[in-house]
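In the part that follows, the structures are each spelled out as structure tokens.
Shared between the two complexes below is chain A, which has chain B as its partner in the first and chain C in the second.
For the complex of A and B:
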């Protein structure tokens, strides 16, 4: 079972690399080196802030876009190309296919994030000429970004398991936007009464809460992140990703592929 | 193969030519519409809406808005503009997006508070900005210092200045001069003495080269103001005693018992006009001086 999942995951990773997904690193490198060189000349005293904010925002946004646009095609493309039937005709269970695809995409994003992180630290060294202890907190921000990717990957797969790529992209992107407003939704639920309160509370817990993962601004100001938040965010991302993957498996298991 | 190479050549040349041509045309269009890109337009003025629209990436948005504020102020300041309508909203958006962006409060105040052409002449907005800064960063003594500075320098509001310096002096690790400033404000001590102390404190407490340079310019201007006022008072006294103006600077100095030749911080001796006015030789060297300048003199553009 493990070998089959690992095989599907490595194939997904290879396919993503073949699709030139990692080319985004070039755009990222250009963006960051441009910002590192230029920002000191057009602004005042925010060189380091810009490098951290821009670097981590770019890591997050590039990853979200990759997660959505690769994730939405993972199942539907296999059906369209009819390669899924070849895979499933072998001793591969449907759920193994979904989980393998998830790990493949997540692996692609982790590798992508690793290279981008090198870029962020290189740009940071260029503007600061030194590293301080607080810079280590950037790893926490990167870790939270990866956790965010896990959720988005699982959601993209969930939508991909029953919908067309276009609709899946719309759903996944909408959830990303709504997830960024999750705390507002919770505040709204707190103010609402009756049925709307139940509805809003339910929706607030159902949509992913991405705002909890966003510590970029705090890290840029060298503010520490509580260990409890790291632990809770890890658990939340794992539970949420497992929930969405389970949904994808459930749908895919019962899907008529004939 | 030969045909493909030909097409590649033609397409490549076309690409380069059209790129050059479009850039040239755009350059001409920019000349036809000067300042078009810097029009006083803020499409979204609500900080809350911008914060929501940033999808959580508000730190980066704050940096973008701060850069925009710096660019806006720099361009308006360069042309010695008399109005800075967008400056306060841009700073408010910046600080709303990132309430811990201290640089936006510190520089923002020095952009907003001074009278044009040195600033926007909006000390009330500067005070509101600093109060928001203190609310979000109550442990930063520099913000109290900057707020007290605006109260004193721009509004001559001794009561609030004293109170602000006093509050700041209680912040952990606050610089000891805040206590002295609070006492001095409460006593309404001499203007020059207090102003010199404030600018000296600014000079000593900042790491930023631009702020240091600005403080130094103000200190130089203060010395000119003080010297000119002292000499001008001498001219008045001379007139009261003799019923005429001193015929030369040396006559004035002899009558006042001043040894040596009084000179500005650059070593240029002050001059006396036939109307008995004391003036500096090179007014452009002292952009912040308020005394000793020729009538109708307008300071040239100076960076911060």
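For the complex of A and C:
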């Protein structure tokens, strides 16, 4: 079982690595990190702040684009192209396929984040010529970005298990945008009355709370991140990803592959 | 023990966007395929062949019925380690090379790592792709992809192989090779279940066939039994160019070719014709029951089915 999941994950990773579009996105993200240096140079005294802000935002945004771009096609493309037939006619259970795909995509994003993070650190070193202890907090921001990717991967897979790539992209991107304003939605729910309060509260807790993962600005200002937040975000991301993956498995287990 | 026992397997799809309506793709199908035989599943396009195969592979779920494969319930995942499947017009991960793809499928099928490489090489040689094993599949022609498909179906040395239109996209040489491969599989004790609408392939290879049309099973049996039951005619050949008047009077269909006459008569005219030839001192060369070709049988079967359906409406 573990071996089959690992083989599916490894093949998913290989597919992403051989996809040329992915390289364009990474190159673009690195270019943006480079641009941060230029912007930093014209932002006297706050070069470092600008580089961290722009660099990490680029890592996050491009990672999200890659996660959605690849994730939405993971299942639907296999059904459409019928590559799934020769996989599921082997001793591979449907849930193993979904979980393998998830790990493959998550692995791809971790590796991408690693390379893009090198770009950010290089830009940072270029403007400040040295690293200070507070810079280590950048790893926490990167960790939160990866957690965010896990949620988006699982959501993309969930949507991909029952709808077309285009619709999946719309759903996943909409959830990302709404989730980035989840705190505002929760505040609004607190102020609303009657039915709209119920509706807003339900929506606020159902959408992924991406705003809790965004610590880029505070890290750029060299503010520490509480250990409790790290634990809380880790548990939240794992819970959310597992729930979304379970949904994907549940749908896919009963789906006819016409 | 039959290799495949299909027990009332049935599939109805819901079609339409707003107002869903049922569409029956497969009427209750009951069928047995014996161990070690090459079994042909024949029918025109849209007859329900692929639906049946997808049901057996667990790719779609039946509305009713069940099946047993190699003595076990068909939903048992361990069964799949012992079956191979070639889908119709297969499409594979085109970013992989033929070697990588077979290696991947070997991993998924549980082929032990120490034998895998050797087995992949062996299969690539068997399907004639050894020279292009390092090429990405996106550069492969349709026929080459079909060979990859056949390779992946037999890679893990399955006991039972399902081929959906295996000759599709192959040139005459490739078709011949696939025929040889299927015969070799049978020789090795494997069971082959293949769907096709190319009747000459079925005629050349199958021990038994089933005919399916509009999702309904029309006939099952050995090709000889199915085709000889249709006409009950006999071919009589004798030497000479003379056609005795009594044979002409029977309305026999006669052709003179060189110094031989060939007549097609009904079975109950056989004795009278032979007596007539003896009387006229003609030298009898052969008396052979006329077997309809599978194609003629198939066309006749479908025509009858259409007529019955037309009357029902």
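Heads up, the rule we're going with is that the second predicted complex is superposed on the first by the 242 of 258 C-alpha atoms of A that agree within 3 Å, B and C clash if a C-alpha of one lies under 4 Å from a C-alpha of the other, contacts with A are read in each partner's own complex, and residues count from 1 in each chain.
Heads up, the rule we're going with is that contacts are C-beta pairs under 8 Å (C-beta built on N, C-alpha and C of every residue); 3 or more make two chains touch, one makes a residue touch a chain.
Since we're looking at a predicted model, the values are computed, not measured.
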Next item on the list: Consider chain A as the common anchor and indicate whether chain B and chain C clash or fit when overlaid.
Entry: fit
Check: Can A:129 be said to touch chain B (first), chain C (second), both, or neither?
Finding: neither
Notebook entry, point to check: Using only C-alpha centres after the superposition, what angle do chain B and chain C make about chain A, to the nearest 10 degrees?
Noted result: 150
Note to self: For A:193 in the superposed arrangement: first (chain B), second (chain C), both or neither?
What the structure shows: neither
Check: First (chain B), second (chain C), both or neither: which does A:2 touch?
Finding: neither
Margin query: Is A:88 touching anything from chain B or chain C once the two structures are fitted on A? First, second, both or neither.
Written below: second
Item checked: After superposition on chain A, the shortest CA separation from chain B to chain C (Å) -> 20
Notebook entry, point to check: Residues on chain A in contact with chain B in one complex and with chain C in the other?
Noted result: none
Next item on the list: Would you tell me which residues of chain C are touching chain A in their complex?
Entry: 13, 54, 57-61, 77-78, 80-81, 83, 85, 87, 89-93, 95-96, 104-105, 107-110, 149, 152, 156
Margin query: Using the touch definition from the top, list the residues of chain B that touch chain A in their complex.
Written below: 52, 55-60, 62-63, 66-67, 70-71, 98, 100-101, 103, 107, 208, 210
Next item on the list: Write out the stretch or stretches of chain A touching chain B in their complex.
Entry: 39, 42-46, 49-50, 52-54, 57, 60-61, 177, 180-181, 184, 210-211, 214, 216-217, 220-221, 223
Margin query: For the complex, give me every residue of chain A touching chain C.
Written below: 3-4, 7-8, 11, 14-15, 18-19, 81-93, 254, 256-258
